[in-house]
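Here's the structure, in structure tokens; my notes come after.
Letters A, B, C, D and E mark the chains in the order given here, with residues in each chain numbered from 1 onward.
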Amino acid sequence: MIAVALLLVAASATAAVATRDPARQALVLSVLGVVLAVLFTTLQAPDVGLSQLAVGAALTPLLLLLTVRKVRRRPRREEDPR
Amino acid sequence: MDVLPYLVAGWVFLAGCYGLATSRNLIHAVGCLSVCQAGTYVLLLAVGYRDGGTAPVFSDLKPGTRPVVDPVVQALALTDVVVGATVTALLLALVVQVAKRHGTVDPDELGELRG
Amino acid sequence: MNGWLLAAAVVLTGGLGAALWGVATGPLRRRAVAQNLATVLAGSGLLLLAQGYDRPSYLDLALVLALLGPVGTLVFARLLADDLAADPPRARAATWATVGVAAATVAAVCAATGPGRAMGKLLVTGALLIGGNLIASRALSGGFGGVRGG
Amino acid sequence: MNRRMRLCLVALGGAGLAALFTAAFLRLPAFGGDRHPYGDRAVRAALHRHTANTIASVNFDLRAFDTLGETSILFASVLGCVVLLRQARDEHRARPEPADVAPPVRRYALLVLPVAVLTGLYVVAHGQLSPGGGFQGGVVTATALHLLYLGADYHALERVRPLGAYEAGDALAVSAYVVTGLAAVLAGTAFLANTLLPYGTFNTLSSGGTVPLLNAAVGMEVACAVVVLLARFLDQAVEIEEDSGK
Amino acid sequence: MHHLIPLLVAVPLLGAGLLVAGGRRLPRPAAETVACAVSGGTAALALVLLLNSSPPMVEWVGGWRPVDGFSVGIVVLGDGPGLGMAALASLLTLAALVYSWHYFDEPPRRHAGSFPALMLLFQAGMCGFAIAGDLFNAFVYFELMSVVAYALTGYRIDEPRAVQGALTFAVVNSLGAYALLMGIGLLYGRTGELAMTRIGRALDAHGAPDALVLAAFVLVLTGLLVKSAAVPFHFWLPDAHAVAPTPVCMLLSGVMVELGVYGVWRVYGTVFAGPGGVPAPDAQRALLVLGALTAAVGAVMCWYQRHIKRLLAYSTVAHTGLFLVGIGVLKPEADDGTALYVLGHAGVKAALFALAGILLDRYGSLDEHVLHGRARALKGVAAMFALAALGLAGLPPFGTALGKAVTEEAVGGPFTALYVAVSAVTAGAVLRVAARVFLGLGPKPRESAAYETTGSGERPETRQRLTRVPDTMTAVPAVLLAAAVAAGAAPGFAGVVADAVNTAGSGGVRVAVHWTRAGVLLGLLSALLATGLAALAVTRPALLSAPDRALPLRRLQSGHVGDYVAWLLVGAAVLGALALPGVLGG
């Protein structure tokens, strides 16, 4: 059981690093957060799992996406100065 | 199984480092940094695990009936999770400002501080 | 390892593994759907784990996930609306299959707990998980029309 | 330095570290081992203080000084974000157009919102008994408030979000944590000593001495901090625009 | 008395909390007064505790005193070095707060309290790290200190360079902190303890060192050396220190970097020094090699800068290298000397940054070439700048000179030469700046399109350019310089410092510290060399400023985060390789 969760964590972490587009990476990171929470449950750490869920699955991806949106929304200096 | 959790922790940490070093987008780099940190959680919790143990939370468990895992590492990991989240937030705030002032989030294009 | 844990292992390996594959590759729409499904599958897995370890207090994790998971997906749907609108995701079969897994899990765990406060919590969790998932998946597929503005 | 050179360096350093890690991990006690001296002492101490959730006891009693550091990190980084994401001289605010949200999403959001807030408060309140605590519950509560943004729009969120009050709440909660610690010093014992309040009955809401107090302070701090944090980022993403001609 | 030690952290935290809570109502002067009072109060507390720290105190936070030698709580240390660093950090924070009085442009709307509150949080983090006796607690306060430092570095969000430097700083330091945490995880796995002394004893009980001890040593040191900016972990420092607001620079260069060195000293001494830790020759090799490299690289890079704050930042790198060499020889005399050197350096370096800040706010530039001869009017500032430069070189009776002399005697051989050379080169660079900027000596340097960061394009940190320099901004460097002189000249002070250091560490050997003839002569030699170098550079610029020879070195400082992370990985691997032989042999 722990091994399954560990391998999932390793796989999703690798995927998160390999995903170069930040918006897509945010999606992978949110899955990584959930998978980590499952791993922590199997390691008998529900407290840590709970905070990982709160942070990893909701807060961090949300902040990342807001940053992506801000960065995209601002006009590129050379291309289209609004 | 004896070392697999530790190896996974090391792998996750190094994978995050690799992503951080080769990143072409600062937002992605911040994501990689949080991957790095995931490695530290895994290591801490793996170190505190005990075979057949359960969480030392006695609201639905009579103390002493089942072996329990180490609560200290869990407290450490909990602190670490919070620290990670806040550092991520601060880094992203800086990225927003870098994007504003430099007009790019590609580290290859940030060439002001040199020599 | 008891039957519950075995079931959890199957759900996690098969379901979450597939969802991970989906989220790590392919176009954005597939990734978004897979992220949504991963939440539901992980929620079911957490329910099964709580039962398998015989620790009702672990149910809180599933409850929080059932609350926050769909919120996360809705945020993705809102902030990625422009990208998704061009190419809306359709994954009806996968969605209903996952919902089926979740419903079966909730039913099985409920049957094992028997009536009581724990069962109430379970039902709430299940309802949030399934309802949230359906809403989120329809929001993703643009079934509600484009969401515009801030 | 070009990309190839950087990759070589990463490979070199990474290989060295990987070798070091592997060698070290092989020398760690096997996974699942039975030797946890500090952990076992902590469990005994927590039971002695009538705290059912040992992790809460470690966080808010045995190692409460760490948690003080942790909350101040959160406080500092929120303050840092407020400072960093302030409106710069060359920026102005633009009112975002009202969003047009589909009715099912709106109904879902409004239905789930109270459930989520209640769950968050429940997780905070039961911190010293069951898994959870100030931090986890605080994040859930704060995130739940943002269902308003999803269900309605940014204006609705702004109405329930007097940011100043949340910032003050954040700061006051940190101060409350410190003051609880100082009270012990004034009483002549060590900083953050959990000796002022009765330990109560095991597995009830008021058990654990100062643990519930500190827990509540952290819960309030985290909830306020996350609200402020998200508000700053939403501000940047939705409202603040750079002046033209930049 | 020992119950008061944790208040070093609690008081500034409380102050910061109240400042933020009331910050919307408080007018700016009130907020700054409160901040100064809190910071000064903490400094006074630190000094009072310091005076009572013999014999060293320990405090168990939460009252968890050990039972049979084992505790479940957190220990904080009330010994000389810990309290001394806390006092130094507090005093410098107070100086920086006074310096920034009426200094910044308008604070963020309705957030008058936020800058002073951040400074107080910074102070709390530094004090917490200095008194930590528990490894994880040290990590927590290390992070607090770092987080605040990132925010403060990027404080001027209108400056492209400031935000970029802050981001680099944040990424590299966070990665270092996570490495430190991995090391803590490994140590906990082996020993099951977190208090430093307990970990050390458990390691000794386990037997000869093995790969795990080595890995833990490397990871923990990586974290601390990133903070103390040792080569090749140093790249973030010039990028961050050059762009941070001046009061923050005073703290960063004056005490935060040195806290990294202090951490290395503390952790090596309590955790890894025993028979189960890293053998002394290996630790010595690792620290000496990295230290010497840091000193050399810092000095060379310092010489080639024209951005004044960046030049000062490299001089900090160079001096950190010297400190690392000092603690790396693992001799009690060298420890004492380094402690004194750190104290003197903090005063001198903070004063130099403060003076550079005056230049920036008066003339709107930090470029040595642009400012050529423009600051002739600032006579007092010029005198202090030159004096501080000589202090940097180690001119007796500065505290730097005494510390340097004592350390030079202890390290011996080629390292003595390194000390003289490095302090002469860095001080020479600063003197060169003084001669050009304040006196307008020599020809105006020609512009070249070299690979470098110029100092032009920096904006003043005050609302408008200053027409006259406020008294607070000149008084602070003057007091700091006086303190640096007092550290060396005050009779008995050196002895007290040495006593405190030796009681806490160094195996309890007591060593007397005093001026010697050789030390004075070496100090004079450094100062003379520095003056000579500066004179040569000013009169014959072509001779010494051939940039080509150092160009490969300068190209390494590329401003690219990915490069810095790559170097961090390489550095950790090198650290492992340097400490490997003893572990293999054992």
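Everything that follows uses one rule, which is that contacts are C-beta pairs under 8 Å (C-beta built on N, C-alpha and C of every residue); 3 or more make two chains touch, one makes a residue touch a chain.
Predicted model, so just to flag it, every value in this text is computed and none were measured.
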Key: Contact-graph separation of subunit B and subunit E, given in steps at minimum   = 1
Note = For subunit A and subunit D, the touch-path distance in steps comes out at 1
Task = Average the C-alpha coordinates of each chain, average all protein C-alpha coordinates together, and give the chain whose average is closest to the overall one.
result = B
Request  = Select the chain at the greatest separation from subunit E, using centres from the mean of Cα atoms.
outcome  = C
Key: Higher-contact pair (C-beta pairs counted), D-E versus A-C   = D-E
Request  = Express in whole angstrom the distance between the two chain centres, defined as the mean CA positions of subunit B and subunit D.
outcome  = 15
Remark   = Separation of the C-alpha centres, subunit A versus subunit B, in whole Å, is 11
Request  = Averaged over CA atoms, how far is the centre of subunit B from the centre of subunit C? Could you give it in whole Å?
outcome  = 24
Note = Touching at least 2 other chains, the residues of subunit E are 136, 140, 143, 147, 150-151, 154, 157-158, 163, 186, 188-189, 194, 555, 558, 560, 562-563, 565-566, 569
Subunit C: positions in contact with at least two other chains = 53, 55, 57-58, 60-61, 64, 68, 71, 75
Ask   = Using the touch rule from the top of the page, what residues of subunit A touch 2 or more other chains?
value = 18-19, 26, 44-47, 49-51, 53-55, 58-59, 62-63, 66-70, 74, 77
Note = A full list of chain pairs that touch reads A-B, A-C, A-D, B-C, B-D, B-E, C-D, D-E
Query = In the complex formed with subunit D, which residues of subunit C make contact?
reply = 57-58, 60-61, 63-64, 67-68, 70-71, 74-75, 78, 124, 128, 131-132, 135, 138-139, 143-145, 147-150
Ask   = For subunit D, which residues are in contact with subunit E within the complex?
value = 1, 6, 9-10, 12-17, 20-21, 23-24, 26-29, 35-39, 41-42, 45, 61-66, 68-70, 72-73, 75-77, 79-84, 86-90, 164, 167-168, 170-172, 174-175, 178-179, 181-182, 184-185, 188-195
Note = Within their complex, subunit E touches subunit B through residues 136, 140, 143, 147, 150-151, 154, 157-161, 163-168, 170-171, 174-175, 178, 181-182, 184-186, 188-189, 194, 238-239, 242-243, 304, 450-453, 554-555, 557-563, 565-566, 569
Inquiry  = Considering only the defined contacts, which subunit B positions touch subunit E in the complex?
reply    = 9, 13, 17, 20-23, 26, 29-30, 33, 36-37, 39-40, 43-44, 47-48, 72-73, 76, 79-80, 83, 86-87, 90-91, 94-95, 97-98, 101-102, 107-108, 110-115
Ask   = In their complex, what parts of subunit B are in touch with subunit A?
value = 1, 4-5, 8, 11-12, 15-16, 18-19, 23-25, 27-28, 30-32, 34-35, 38-39, 41-42, 45-46, 48-49, 53-55, 57, 68-69, 74, 77-78, 81-82, 84-85, 88-89, 92, 95-96, 99-100, 103, 105
